[in-house]
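Read from first to last, the chains carry the letters A, B, C, D, E, F, G and H; within each, the first residue is number 1.
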Amino acid sequence: MSEKQQLLSLLRQVEHGACTPEQALLQMKLQPFQDLGYAKVDHHRAVRQGVSEVIYGKSKTPEQILGIVTAMAENGCTNILVTQMSQEAAELVRKTIPLDYHPIPRLGIAVPMEQKRTGNIVVAAAGTSDLYCAEEAALTAEALGSRVVRLYDVGVSGLHRTLSHLEELMQARVVVAVAGMEGALASVLGGLVDCPVLAVPTSVGYGASFGGVSALLSMLNSCASGVSVVNIDNGFGAGYQAHLINQMETAKE
Amino acid sequence: MSEKQQLLSLLRQVEHGACTPEQALLQMKLQPFQDLGYAKVDHHRAVRQGVSEVIYGKSKTPEQILGIVTAMAENGCTNILVTQMSQEAAELVRKTIPLDYHPIPRLGIAVPMEQKRTGNIVVAAAGTSDLYCAEEAALTAEALGSRVVRLYDVGVSGLHRTLSHLEELMQARVVVAVAGMEGALASVLGGLVDCPVLAVPTSVGYGASFGGVSALLSMLNSCASGVSVVNIDNGFGAGYQAHLINQMETAKE
Amino acid sequence: MSEKQQLLSLLRQVEHGACTPEQALLQMKLQPFQDLGYAKVDHHRAVRQGVSEVIYGKSKTPEQILGIVTAMAENGCTNILVTQMSQEAAELVRKTIPLDYHPIPRLGIAVPMEQKRTGNIVVAAAGTSDLYCAEEAALTAEALGSRVVRLYDVGVSGLHRTLSHLEELMQARVVVAVAGMEGALASVLGGLVDCPVLAVPTSVGYGASFGGVSALLSMLNSCASGVSVVNIDNGFGAGYQAHLINQMETAKE
Amino acid sequence: MSEKQQLLSLLRQVEHGACTPEQALLQMKLQPFQDLGYAKVDHHRAVRQGVSEVIYGKSKTPEQILGIVTAMAENGCTNILVTQMSQEAAELVRKTIPLDYHPIPRLGIAVPMEQKRTGNIVVAAAGTSDLYCAEEAALTAEALGSRVVRLYDVGVSGLHRTLSHLEELMQARVVVAVAGMEGALASVLGGLVDCPVLAVPTSVGYGASFGGVSALLSMLNSCASGVSVVNIDNGFGAGYQAHLINQMETAKE
Amino acid sequence: MSEKQQLLSLLRQVEHGACTPEQALLQMKLQPFQDLGYAKVDHHRAVRQGVSEVIYGKSKTPEQILGIVTAMAENGCTNILVTQMSQEAAELVRKTIPLDYHPIPRLGIAVPMEQKRTGNIVVAAAGTSDLYCAEEAALTAEALGSRVVRLYDVGVSGLHRTLSHLEELMQARVVVAVAGMEGALASVLGGLVDCPVLAVPTSVGYGASFGGVSALLSMLNSCASGVSVVNIDNGFGAGYQAHLINQMETAKE
Amino acid sequence: MSEKQQLLSLLRQVEHGACTPEQALLQMKLQPFQDLGYAKVDHHRAVRQGVSEVIYGKSKTPEQILGIVTAMAENGCTNILVTQMSQEAAELVRKTIPLDYHPIPRLGIAVPMEQKRTGNIVVAAAGTSDLYCAEEAALTAEALGSRVVRLYDVGVSGLHRTLSHLEELMQARVVVAVAGMEGALASVLGGLVDCPVLAVPTSVGYGASFGGVSALLSMLNSCASGVSVVNIDNGFGAGYQAHLINQMETAKE
Amino acid sequence: MSEKQQLLSLLRQVEHGACTPEQALLQMKLQPFQDLGYAKVDHHRAVRQGVSEVIYGKSKTPEQILGIVTAMAENGCTNILVTQMSQEAAELVRKTIPLDYHPIPRLGIAVPMEQKRTGNIVVAAAGTSDLYCAEEAALTAEALGSRVVRLYDVGVSGLHRTLSHLEELMQARVVVAVAGMEGALASVLGGLVDCPVLAVPTSVGYGASFGGVSALLSMLNSCASGVSVVNIDNGFGAGYQAHLINQMETAKE
Amino acid sequence: MSEKQQLLSLLRQVEHGACTPEQALLQMKLQPFQDLGYAKVDHHRAVRQGVSEVIYGKSKTPEQILGIVTAMAENGCTNILVTQMSQEAAELVRKTIPLDYHPIPRLGIAVPMEQKRTGNIVVAAAGTSDLYCAEEAALTAEALGSRVVRLYDVGVSGLHRTLSHLEELMQARVVVAVAGMEGALASVLGGLVDCPVLAVPTSVGYGASFGGVSALLSMLNSCASGVSVVNIDNGFGAGYQAHLINQMETAKE
């Protein structure tokens, strides 16, 4: 149910005297989230956006993360993603909540639930060094319910490695291209496939890679059509959007 | 038919003696495009990627553009997009080829054909100044066959304008968010909708907008999930990818 | 009347059957602005924010500017500010609407009205070259109803010039410090006065001034407390905020 | 008493023979501060600017901080702010001087004194991660005598959270908007309220947030009028200026 | 007579009743410059700093330049430097004031007077393209009274050209090193001579020279001791400081 | 004959009394170039470096270029390269000196001489827009005596175009890879060939291509070994170095 | 044997029935590398590019490095380069595979084999601090089979040091110029020698050296012809390309 | 004795048969420095440039520093400066060589010798945090033989502190202005004094100070004439050049 529909429904209750204007105003203000003091937890988001709220773990204490996860779990959320989660936070959460923790992408999935994975996302990474980010994308998409094929170490300086996976690439509904250094993978894949390509620059490299800026610029300037880009090292963002695209259904007439 | 399948088919012809290895090699090299000297025109691209090759008009002479358009038209292409097309080039092409020309986004559509538009893309622009870029996105998506809803002048410093279009936004399959200056529109829309948002920074602004860099960085750093970004002023790229997403069909089991 | 109060009032009308939920929803969506196609004109802004909407003239055609000014004038707005207005736009508007036009800051004030100016804003500029921007700030604040004292050519490399105006500076309620090149004026003034200082970097300079970036960084790093900064060349923004501060009244207990 | 008046008074003493020119010159040079060798402590500042000197603790040794605080306390200063104060420095100072120490914003308030807080400053922060900076702003303003309302975790990707606080926002005399990543909060709040908004970019984020540069640029380019900006992570500066604005009184005719 | 001495003298006059405190204050404020409205002309600067005020012509109208030059000439100034002076301004000034105008460095010297040139400044330029800036330095130093030796087209990629001038370089009291592109001249000269080297980066170059930034960084990072740097294209600044150094006298015991 | 040998020879003449030390010093200083005032022409360079001096025409007047070309021609130089030569300069030179002028790369070759071209340099360009730069490289290498194969419009978003030229690429002794936008061509070619690749970023592109910076960074970060880079748009530099490499002979034991 | 020839050979086998099309396709996809899961090891590269694959050790675990080295050693590779190899990785590999490890350049050479070194590469470094990078270049070139002469601490601020090595420089077939700070060494050497110069900027320096950016820009803007540049600190890349150039043979007619 | 004179003298010896050309060449190459392998120590520099070679200690091992210092001491050098010297290196050197070590500026002076200090350099620092750099400048100048007056904590946000030292400033022969953050001190001092000002940006600050870049840009853009700038944190460079200027003698006719 969209926000607009909720608003309309609320207005109808006022019309029929089911609640007063003041109560309606109050409800509009208080309902959509739970205030933990340090954070406002949004329990309606799964309804509103189809996906539970995701917790960005980087600058939160283990206790804050546990608090938010607990609040969500108590509201029935499952497969709750915690990105950039420290080992320490994982160990704290795990004591009271079931948690799958992946140390390389630093990703936690609380209250993990078996689910059917559908569609077909290809996550391609240029080098071994890019795996931390590629895995963040792949695991995110899988946690949300998408099927993922991983193609790793397929950088463009060894084109035959890339081309040996033409078949998998051609069958993808979305491609996530993860690369650092010169970031050329996005352009090469963008020229090969006919589906959307989401490019993720990584901070892999040294010198004039400037922490991923070189790859970011490359990807933004891709001469291939159909390529869009997320922030440096934002594997989560690419996996999330890839899932949104992958799960699309045929448009109604 | 994918490239892989073409290769397999070619190898089969060699196996059956339908062509010699030398002929096969030659065909693999020469077939996919027509060399005009100054450009190689790719007639198979519509087959391979579902969309005719798009002509980036900026640094080509009117004569070169005419040459490429003509070669494509003679091969049966329709709705041929020419981006960043000068008035002068449009006038030259128009003499021999049917052309719809839109001066503000500097976009030409050669051999325009009526087609059914499907799905639902919302193109939202923050300000009047961003229209050149928003129209490039909207017209591109329409030329490729997508239905487009335009929401213009909905910048975040007047939230009530944005919110008054909640209904259209909620029904979108993809949203293209076009904004210069601080580029906050992408984050606000990204938080409202549950479909992919493609953000296009524009070069609108002055001083520390640095020709679109401020908006670009804003969009890359969006705290909303599900947002990806294209190059500054790349309305075409956003419209193209929006169409790819919009035309997606339900995944097969 | 605040937006919240408008919402509450509308809900009350629904409660009492004065309008249906659907009508309320419609009104919430359509009321606050007038859609000219290329722009949405916000007639409630003067009510909501105490100042009429300001028109950023840079990337609008003279016809668009005329259209917006006319719509506002017909709604009773006066002293309508048009920033970055071209000579050409000024001449067009002037044909049908009274207009004061200042060519150096490229500022137009449509439907100018005599008004009492109160308070005390000092606009200080480091050099003769900074006047275009200082005047934009000063005229903006005056158009909104503030009294302005101008101190020009008081750059810090001639401290005695600055110090000769200590009296005016000490009496200011707000100081706007406009400077290009090294932008040190903001720090020196910030150390002298006990009121808020709004710093405006200008694009005046050459070489490593990088179009105002050097002054901008200087001002952001000011070692004086009580200094805040607006965008490069944004005299309007400083004048606007200076007016908001200047017109403040004693806080209620 | 302003500096100019002090000068005039001194000149009068010379005129009447109350002091010789040499004595006057000496007094003009030595009076306003006390030289500790490593620092010159300014005891007149409270008189001159209405606020005691603030100690920037970052690059000072605990002993230097103690020395300066002691010199100020002996001159009768209270509520002495020490920003960026290390735990170690706090422990040293606390041994001899009463001190309130806040570890997250690393802020110390030496010789704290009860005082009446007046006016109304809203400090809004986009995310949990921005609290270190928001608290620096809020505590600074409170130490100076302003009343502060805190609105935390109200980032624009969850607009309903922001909008649920419309009432508090509408009643503010000044708003401090604290945000990292894309920094869009300043624009959204700037469009909602009719009072000055001071924007504080934080260094929260990763990749293309460039340590707060993305948020800084966003805020400088805000399309909302009435927004000015301080340095990245400069919560103190925003709190200080917010207090200056909040304590303003009605201008005399 | 230094400012301090002027102040002391004034205080003495007050002591002896030669002027009232109010008159003294007035004199302190008004004396040092003449206010033309658009500029404050500083007639005491020649006394205070040994050099007449220099007029930065870039963003001043020909009329403003004429006004300032006239005011200075009427006060007896000679060899008045106008930097970045347009041809148009030169022609206007020339009608009423004697003027030497050098079009390549765009430098005017109003009321030129024969003077003895002393000392020995070497101005070295890397390439023919750098002459505009080298001449600005050389003519400035000459107008101030220094003797200048010019060494042009001595860039480091042809070391034998540089080395053929070792004798002139060894005899210099100050060296001004002017170079664009990679700016290596400053380091090479800095390693050869035992006098101060003032480095001037020029905006000569293309691509990654970034309008002089590459040369600027090179010069700032010079591995030779005794090198300092001025702004890109600031030949005037280097010539001015070179003159200050060149005219130094033996320190008193 | 190397510089060292010239020095030794000169010292021998001194030893044998064939010249005095003073004469030797004079000769060491004056011999290697001819001073035209605005430029020092180096007639020994062809001897010293195997190639005549090249004239960078950008910031020289037509008359200066003519002067330098004439001085070189009179010393017997042929195939004198003038890069970044204006049409106007070409027309002036052509009046008295034979000149081949190529307007697109703005390259002049004065006193052109037939010569045998040897070896094998491939100049590959990603798009039609890059030809101005690719031709500068190709013509430079040809003027110096190298054989050049041109492969244009072989950008990586259409890999089949690149791969269709595998044969020419495999036979190259050096490859010059010219590309703007994301500059991925260098990496792809670097991974395919086993000879040195010289990458030339071009300023082709818009938005975040930043005038060639994106391509430059891509190329510097190439994950392919054996790639080095020249300045943005420096086709001449790549052609020159490619020739140096191409003309290498087998090392002596 | 080139890739093209391999392809042709494979096609011939299909033609003659020696393998089916499916088998050929499979072979084309699987043959060139061995998939270790975390990496694809390319055993044909020595054949294809004349040099074994080089392992970039920076972001690989010691175990991954050991795995790749082992796979290569088992395929008969010798002199396997591991760049940016940690002490820890070296110790692990050394347990089972012969390894020469150089701690300052962090370079490992597994399965080292005596080989004849030919040609003549000069590696010149500006300062003692640049040795880590110069040694990476020198050892790389030696491991690949080139003879290397080292000239260290020859920075341009002490020209006589540089010039004392003129003889070695004149005899070089390729020069690698390694320098941080202002990076002028490349230009000075480029002007002295007549062979290709490969410039390597290092991250040595402080302040405005920006981690090597200053040196990088200097080198890209070198006014000497025949200079190309690799990434900051990429001694390996320069050594690799220097070897490719050094081993060149006389071109066939 | 200058290099030119040494060369002339050497040529005379060849003329008179006192040495053979080969011996002369050898001497020209080997004489000026002593090669320690990791460094070339220049014993003639004190003769050539008036100051012993200075050792940049940052990237040298304690053993290397000891080696160089020992070689210099054995050649009779005194007051040998070692900049950026670690505590560890100081302790090693101190065991065998007399050493004054200053830990805050990390400066060592080996073989310290009493000397008469002459002239008058003012080193002014904006804040307590800048002392590390100001002391490096002051101690360097003193070690070279200059008299230094220190003015610390005189930042421009407390102008009365600066102005209280007018007398010392007016008597300076050179001023070194050390400041971080907005770096405005250089402009203010440059406007007050009539001697050369050397500006040293420090890396003091946070956020948009970008490690000293803000101060650097401010200083380069100073509107005061007579200001030149050295690298960020390069107190040594400023102290060195200040000494060169301070020790200048009256020019000969």
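Methods note: contacts are C-beta pairs under 8 Å (C-beta built on N, C-alpha and C of every residue); 3 or more make two chains touch, one makes a residue touch a chain.
Quick caveat: nothing in here was measured; it's all calculated off a predicted structure.
Here the repeat of A-C among B-F, B-C or B-G is B-G, since over half of its contact pairs match by residue number. Distance from the chain G centre to the chain H centre is 38 Å, each centre being the mean of its Cα atoms.
For the pair chain C and chain G, the distance between mean C-alpha positions equals 59 Å.
The multi-chain contact residues of chain B, meaning those touching 2 or more other chains, are 3-4, 127, 158, 192, 207-209, 213, 216, 220-221, 225, 231-232.
Pairs of chains meeting the touch criterion: A-B, A-C, A-D, A-F, A-G, B-C, B-D, B-F, B-G, C-D, C-E, C-H, D-E, D-H, E-F, E-G, E-H, F-G, F-H, G-H. Listing the residues of chain D that touch chain E in their complex gives 4, 7-8, 11-12, 14-15, 17, 20-22, 24-25.
Put simply, chain H touches chain C in their complex at residues 126-127, 155-159, 163, 181-184, 187-188, 190-192, 205, 207-210, 213-215, 217-225.
Partner chain A is touched in their complex by these residues of chain G: 3, 28-30, 32-33, 38-40, 42, 56, 58-60, 64, 201, 203, 211-213, 216, 231-234. By the touch criterion given at the top, residues 2-4, 48-51, 54, 118-120, 166-167, 170, 173, 192-196, 198, 216, 220-221, 225-232, 236-238, 240-241, 244-251, 253 of chain A touch chain B in their complex. By the touch criterion stated above, chain G contacts chain H in their complex at residues 127-129, 131, 152-154, 158, 160-161, 163-165, 204, 206-209.
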